[in-house]
Structure formats: structure tokens, C-alpha cells
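Please go over the structures that come below.
Below are two complexes that have chain A in common, paired first with chain B and then with chain C.
Then we have the complex of A and B:
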């Protein structure tokens, strides 16, 4: 059985490990490129948002590489994301008929642990629970790594990039909980020499839609580009936090909702309330600027955008909202980022 | 105290109910006038360009109301019919209005989460101390909640016009479309011609749709398709639910060889362009009708 799932930035490593723990082979196809996106856009409906196109494109490429089992997250609520799989299943059926498409609902943990996953992989529920437990810790490790690399990039971009391949190797080579703990220490040692600095670094908070926050291809490597400009990016969104949210063990969630209350009294679906809550948290603790990224025509994030604009006005904090679709050019995005960082530098003088 | 009700978005579904409910409670109300170019242009100033046309229009209506009333009634519809969601924008519009029109008027925004009756009951108690009067007002007004229309006359070729109530009943948006179809000799049927029981049915794909108004649209499509010669789906640009459900309907219509047209509208849509497209679509239907039932002497 060759399993494919959509790429999810650095967290792809953790998901890969999860599938391997369940005894299946992972076959993701080539990394995301412009071809993936153009394939996705070719088969997608006209008005759909960007994550649909990228995930569909990556499925098409995975099928080309020989995958036979496709896993897609589902779970219909207010956001469009929960409905992706109905269309994707239909579209992929027309492209190939040698595969199985499974939609895995995010909001039914019981079904996930005891019915769906054991049935697909032919394993016991106990193993699924252990693999999920490992996935949670592995994604926590990746969350920690992202925090380190963000700071390292802002201090010394070239040496941080040199250390990236070694760090990724450390993250990949874990198989149990104690190895994860050791890997965390190793990562700390690896990046420690870089963290000797005196000067003040510009802090920018990154908020927005989860897929664009996690997948560097979707957001045109915005974190790396900001690091190159000497900016440290602060972002709370990760697979780790999303998993905790789904398992109802995220304690910081209540704080986010309370923070958001001034600007958004009720969740309009998707991750809008987290976008607003996190941004308000950043504003209160002091930040130099906020960048908000979301897919073009994303409904919840558009509501969040209105709230953020008001918030930026209230706290006098620069705000850059970027809506991304398949026609967004990297050059244009870079120009906007450079201008934004320049503006913050002037403001701080 | 004067309460303003914007004539946009949910007004086209619950407006008459609200107007009668407030009148029965002896509350002064002002309803904004039907949408026109000026109102739309005002609305564009308040909101980002990526949001769909009906939300831009409601911002224009709120702008019209801002100097004329002290309070604006804008309920927050979160869930209806036992756990079905409305659209994210309908939930968010209350917050947008609160932030954008801060200080201009106060919002009366009861949260409706599977408690349509009780939310209005508590709302009524704000204006009168007599619960029996509120109960009576609700009972009197609830006759205006039903929108079912009698079935259209047989004979004439029919077009199924699929869209949200705030698109079809807003004259400014749909005038050109409806008039062109009528000039071409078609009768228009909408989801209001379907019984309420069928509209909310959960048969087939409809049970997967968790947006309340989209489920109605899909059911209307499913049950009225055999009676119509063609389907015209009006989508406002940037509408998230429509972008998905319309695609599913399009695929089904293609499988059943029924002409299906998606008209995507926004504030820049020109009436002339719409007329040309609709006329071409009508030609296709007429040709297809001829093929199915050739004229014999």
C-alpha cells in the first residue's frame, strides 16, 4: 500500500512518520513546484481557494508517482475546507481509477481511532493511538525547530540555512518518545552558537490561514524571505496546535478566544478567531508589525481582515494583508515585504 | 428610540416577519430603501474588495441608516435548523458593522443559534414588559415567515433560477436577469415553488451539505430540475459556499444533459454583458427543446 497525503510544510515529516508507524509506505511524489499548482488549477473549479488547488495538484503528482491510497482531511463546518474532498474525489476518479480516496473527518476522534484508520491500514486501534501520540510529540518537536530556525535566520541567515539540512536529518531520525526528547536537545545545541547577539531585532507576527502558514510553497517562503531581511517571525499556528485543538487538549485556546472577543464576538468559521486572537495577543505584548496571509476569497479570513484593520488602527501597529492565489508573483510579494520592513525600520528610528 | 433595518441580506427572508413583529410591539422602525447605485457605492467604502456583493450592499444600507436611527437591528445567524450553519460572512457582518460604524448607532444583535423563537422572544421583552404581548406579536408575525409560492402555470418553458434570496429578491441585482428571461418567453421558477419539507430534506448529497441555505439550493436544484428546461445559477463573486455547491450541481446537470449556466456577478458586472449571455443561453435551450420534441404538422 502506497499512501499519499497533501504536503504540509515541515510537518510533512511528522505525518510521514505517522503513516510509516501504521505499517504503510509513503509515496508523495515530487516536492511542490509550479507544475503542481498549474495541475491543480487546471482541474479545479474557478472560484475555489488556493489550498484546494495545491492539495489537488499534489494528489495528481502522487498518483503519477504510483500512490494508490490517498488520505485527505475532512469535516464539514462553516469553512469550505470540509467540502474539498467531495470534489477532489470526483476529479481524481476521472484522472485515474487505480486508487482509493479516503476522507478522514477531523471532528470525530472516536471514528478516527477505532474505525476509520484501523480499517484503512489493517492495524489495531491501540497502534493508532500510539502513532497519534507520537505524531503529537513529533509535531511538537517540529514546532520547536521552527521557532529556533526563525530566530536563527534573523540573526545570521547564511549559517542558519547551512544548518537546516542537518537539523532536518535530526528531526527525521526519530522513532520513539525518548529519541524525540534527545533530538530536541540536539537541535538546541546545534543552534545555540548562533544565539549570541546584542542588537534589537524587528519582530513581526505572522497570522492567517493555517495551510498558508504551514506550507512554504503556498506562502512563497515568506518566513525565509523575512529572515533574510533580518526580521524574526513570530507565529503560533502549527500542526501541533491544530492536533491539540482537535483532541480538545489545547489550554491556550480559551485565551485566544478571550483576546479575540473585543474584535470578533463569534467565530465565523475556519481559523478566523485564532487569527484575530493571536494578533491581539501580539499587539498587547508588543510587536513591530503584523503580516496577515490568506487565500484569495477566503471567507473567514476576510472577516478577520476587517477586524485586524481596526486593531492595527487602535494599537498603531503596521499591518500588511496579503491574499495569495495561483497568480501571485514572488517578485511582487517581495517588493511589498521589503517596503513593509523598511516602513517598520523608519517607524522605530 | 428608532430601530433601523437594512433592506439587504437576511431582510429578504425574514424582513416582513421583523417589520410586523416590531410594529406589533409599537416600536418605531425605519427600513432602508431598495438598493440603488448610490447605496452600493457607499457600501464599497466600508469593506474590502474581496467580499461578496450582498455584504457590500448591506454596508451601503447601514451607511444610509447611520444618521437616521439610534439603533440598528442586525441579528447574528450562527446556526439554524439543528446545527446547520449559515455563511461565515453572515456571522461576521455583525462584527464588521460594530467595528466600522462604531459610535454611529447601537447594534441590536441577538445571537440565533438553533433558538429562532426564543431569541426573538427575549428580544421582544426589551421593548415591552408583557411577555404575553411578545408571544402574541410573534404568533401574528410568524405568518410572514412562510415563502412558499403556488406552482407556476404549465405550458410555458421554464427556467430554474437558483440563487440566494438576497440575490434574487434584490431588484438591483436580479432585475436585468429576470427581465431578460421573461422577454425571451420563459417562466421563472425559484426554490420558493418547492414545499418546505422538500427544501430541507436530507436525501442524497444534500445530507453532506452543512450550510442551511446551500442545502435548500441543492434540494431545489434536485427536485425542480425535471420540471425546468434549463438552470441559471447566480453566484456573487467571492461566495465560498456557492463556489463548491454550484460545481457539484453543474456536474449533475451535465450528467442529466440539462443546460446549466453560472452567472458570476459583482459590482462591476454590466447589464449588457448579462443580457448577451442570457440570450445566448436561451437560444441553446430553444434549440434543445426543438430537438427533443420536433414540430409536426
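Then we have the complex of A and C:
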């Protein structure tokens, strides 16, 4: 069995390990490139959001590479993500008939642990629970790494980038909990020498749609580009937090919803309420600017945008809103980022 | 010998150059069409400046606009800054009390909010360029009206025809349709100006508070019809600064002056620039499926700059 699932930035490593723990082979196809996107756009409805196109494109490439089992997350309540899997299943059926497509609902943990996953992989529920438990810790390690690299890039971009491949190797080579603990210390040692504070570093909060925040290909490496400009990115979205949210073990979740309440009283679907809540949290604790990224035509994030605009005005914090689709040019994006960072620098003078 | 600072703004449609003296007074400004050949436009601009002002010593150079990087590499700029900052710097120099800058250029439009002369927020058009200079120019050509007189036509009308402003192609079909109904050109042009303002306010300035003093800069500010439409829509006075066309270049020159005063030397190539042969080449990198288009700039067949790759392996080996 060769299993494929959509790329999810650094968190792909943890998902790969999860599938391997369940005794299957991972076959993702080539890394995300312009070809992935053009394949995705070719088979997608034109005005659908960007994550749909990228994930579909990566499935097509995985099928080319020989994958026979495709896994896609499902269930998002009021957001379009809820019907991603129906459409993708349908479209992929027309492209190939040598594969199985499974939609895995995010909001039914009982089904996940005891029915769906054991059935797909032919393993016991105990194994699934163990693998998920490890996935949680592994993604926590990745979350920790994300914090380190964000700070390291802002302080010394070239040295930080040189350490990236070694850091990713450390993250990849873990197979149990004690290895994860050791890896965490190794990462800390690796980046410690870089953390020499010289001047005040600009902090920018990144909020928005989860896929665009996590997948560097989708967001045109926005974090790296900001790091190059000496900015430390603060973003709370990650696979780790998402898993905690799904397993109802995240206490900070409630705080985010309370934070959002002043500007957004009810969830319009997707992750809009988190976008608003996180941004408000940033505003209250002090931040130099907020960048909001979302797919063009995304309904919930467009609603969040209105709330963010009001918030930015109330707290006098610069806000840059970026909507991305497959036609977005990196040059245009860079001009905006550059201007935004320059504006903050001048404001802080 | 007069000490001066040079600011160059190479935009999509036009190339602007400005010379300022030590006291930030504009000595000379020039404006010419880029015509899709930025390198030639820059050379022509520099040649013009040197031919007319023999007694000038250039102390520093700043570049801005969409070709700021190329321009910076060619002339040896001390500062390369994007349009938002240069426009804000120039505007706050001439109008320290300005709070809002509306800037509409050849292919992009932006809003910049200022507080105490410092830019605090901005927005730029992202997915749509409807209502920018190139569209207006196209319409003027189609109607056989010189672009300089386009705005005066709008002022002649007492009411405007309703034109869809979202998409330029639909706006054009709307204009044709209205003309076929027998509505006068003046009314259609006024309607078009209103549509541009409506589109700007709902897509670029959406939600941002527009407070007086409002400045209107960029090429489209030459169009008094659009200025009047802004005043009608915002119900406040809109000021078009004296140097509205070259505000970006002025800002770049100011920034160059600030930089040189701190660092004391300039990288400016000087008149020798005119004898150097610059060339740009592009190639598609086939090392992965991204197929990035890499742009190389050559100075007398020697490579001086390379960019455009996603992974950075070409731009890394810049000399």
C-alpha cells in the first residue's frame, strides 16, 4: 500500500511518520512546484480556493508516482473545505481508477480511532492511538522548531538557512517519545549560538487561513522573506495546535474565542474566528504589525478581514492583507512585504 | 559646482527623474515614457540631466518604481526603495499635515495613511488593476481625445452615465453601449471617472479611514475629472501637489540625501553610464519543475545581477 496525503509544510514530516507507524509506505510524489499548481488548476473549478488546487495537484502527482491510497481531511463545518473531498474524489476518479480515496473526518474521533483508520491500514485501534499520540508529540517538536527558525532567521538569516537541512534531519530521525525529547534538545543546541540579541527585532503577527500559513509553497515563502528582512514572525497556527483542538485538549482555544468576541461574535466558518482572536491577542500583548493571508475568494477570511481592519484602527497597528491565488506574482507580494516592513521601521524610529 | 541629489522612478508607463539641491528644492524634473525599454529610458533621462546642467555634482542617487532594482544596478544607486515609502516621504515634506495619500499610477493604485508625517498603514491593489492609468489612456485613444484633455471633458458634463467599474473590459463594453444609446462623450467620461473612484474606494481603500488632508498623486492625478470625482465621493477637498507626477522620484532623492549624509560617499556611476552597454537576458531554469525565469543583467558582457529564482541558487552567486 502506497499512501499519499497533501503536503503541509514542515508538518509533512510528522504526517509521514504517522503513516509509517501504521505500517504503510508513503508516496507523495515530487515536492510542490509550479507544475503541481498548474495541474491542480487545470482540473479544478476556476474560482475555488487555492488550497484545493494545490492539494488536488499534489494528489495527481502522487498518483503519477505510484500512490494507490489517497487520504484527505474532511469536515470543516461552514467552510468550503467541507466539500473539498467530495469534489476531489470525483475529479481524481476521472483521472485514474487504480486508487482508493478516503476522506477522514476531523470531527469524529471515535470513528477515526476505532473504525476508519484501523480499517484502511488493517491495524488495531491501539496502534492508531499510539501513532496519533506520537504524531501529537512529533508535531509539537516541529512547532518548537518553527519558533526557533523564525527567531534565528530574523537575527542571522544566512546562518539560520544553513542550519535548516541539519535541523530537518534531526526532526525526521525520531521514532519514539524519548527520541523526540532528545531531538528537542539537539535543536536547541543547534540554534542556541545564533541567539545573540543586538537590537530590537520587529515582530509581525501572521494570521489567516491554515493551509496558506503552514505550506511555504502556497504562501510564496512569506516567512522566509520576512526573516530575510530581519522580522520575527509570530504565528500560532500549526498541526500541533490543530490536533490539540480536535482532541479537545487545547485550553488556549477558549481564550482565542473570547479574544475574538469584541470583533466577531460568532464563527462565520472556517478559521475566521481564530484569525480574529489570535490577532486581537497579538494587539493586546504588543506587536509591530499584522499580516493576514488568505486564499482569494475565501468567504470566512473575507469576513475576518473586516473585523481585522476595525481592530487595526482601534489599536493603531499596521495591517497588511494578502489574498493569494495561482495568479499571484511573487514580485508583487515582495513589494508589499518590503513596504510593510519599511513602514514599521519608520514608525518605530 | 552645485551639489545635487538624483531620484529616479521607473514605472510601468513612465520614467521620472528629479534633481534636488541640498535644501530639498527641486532643481529640475523630467518625465518620459518607458516604452517597455527601461534601460534606454534611464540612459536618456541621465543624458538629459547632464546635457542641461553641466555645473552639477551628483552627491547621491535613489531609485524607486517597479524597475527600481534594475535602475539601481545600472546607475549605481545608494538607496533602492519601494514606491510606498518614497511617495510618503515626499508627500510629508511638502504637506506635513497630510493624512491620506491616494496614488494612482500606470498599473497600480495605492492608499497610504500618514500620522505626523510617518506612514502608518497602506494598501495596494492586489488582484485587479481596473481604473489605473493604462486603462484611461486606452479609453482616451479609443475616443480620439488627447489624454491631457480627458479630464476637462468630464467637467463639462453635469451628470455622469453609469459605468461598471469592476473590470476594464466590461467598463469598455458599458461605455460603447452608452455611446450607442446616444449619450454624450462628456457624460460617459464623467461616468468613467466616477467608476474609477468607486472601484478604488471599494477595492483599494476598503475599510481604511480617509481623513483630510487628502493628497492625490501619480500620473492619473493629472486628470481633473478623476480629482473632481474623488472630491464628490469623499465630500472633502483633494489636493494635487505641484510635483504630483514625480513625487516618487523626489522621495527617492530625499532618501538618497539622508543616506549619503550618513555614509558620506555615493556609488553613482556618473556620466560614464552612457557609454556602458547594458543588457538583460533571461533563461528558464530546468533543474526542477518550478521552471523559474531567471533574469540576468550584464554590464559590458560582464554579469552584475541575477534574480527571479524561487530557490535562490542563481541569485546566491551574484558577484
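Definition applied: the second predicted complex is superposed on the first by the 348 of 349 C-alpha atoms of A that agree within 3 Å, B and C clash if a C-alpha of one lies under 4 Å from a C-alpha of the other, contacts with A are read in each partner's own complex, and residues count from 1 in each chain.
In this section, a residue touches a chain if its C-beta (ideal position, glycine included) is under 8 Å from a C-beta of that chain, and two chains touch if they have at least 3 such contacts.
Bear in mind that the values here come from a model prediction, so they are computed numbers and not experimental data.
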{"item": "Fit-or-clash call for chain B and chain C when the two complexes are aligned on chain A", "value": "fit"}
{"item": "Touching partner for A:184 - first (chain B), second (chain C), both, neither", "value": "neither"}
{"item": "Chain B versus chain C as contact partner of A:296, first or second or both or neither", "value": "both"}
{"item": "Contacts of A:35 with chain B and chain C, given as first, second, both or neither", "value": "second"}
{"item": "Which superposed partner A:306 touches (first chain B, second chain C, both, neither)", "value": "both"}
{"item": "First, second, both or neither for A:86, with chain B first and chain C second", "value": "first"}
{"item": "A:45 touches, of chain B and chain C: first, second, both or neither?", "value": "first"}
{"item": "Partner chain(s) touched by A:138 [first = chain B, second = chain C, both, neither]", "value": "neither"}
{"item": "Touching partner for A:266 - first (chain B), second (chain C), both, neither", "value": "first"}
{"item": "Partner chain(s) touched by A:99 [first = chain B, second = chain C, both, neither]", "value": "neither"}
{"item": "Distance in angstrom between the closest Cα atoms of chain C and chain B, superposition on A", "value": "5"}
{"item": "Set of chain A residues, in rising order, touched by both chain B and chain C", "value": "296, 305-306, 310, 323"}
{"item": "Contact set on chain B toward chain A in their complex", "value": "47-48, 50-51, 76, 78, 85, 87-89, 91-92, 94-96, 98-100, 111, 205, 208-211, 235, 237-244, 246-248, 251, 264"}
{"item": "For the chain A and chain C complex, residues of the former touching the latter", "value": "30-31, 33-36, 221, 296, 305-306, 309-310, 312-313, 316, 318-319, 321-323, 325, 327-328, 330, 332, 335-336, 338-340, 342-343, 346-347, 349"}
{"item": "Residues of chain C touching chain A in the complex", "value": "66, 81-85, 88, 115, 118-124, 126-127, 206-209, 288-291, 310"}
{"item": "Residue numbers on chain A that touch chain B, as the complex places them", "value": "45-49, 76-80, 82-83, 86-87, 90, 263-270, 272, 296-300, 302-303, 305-307, 310, 323"}
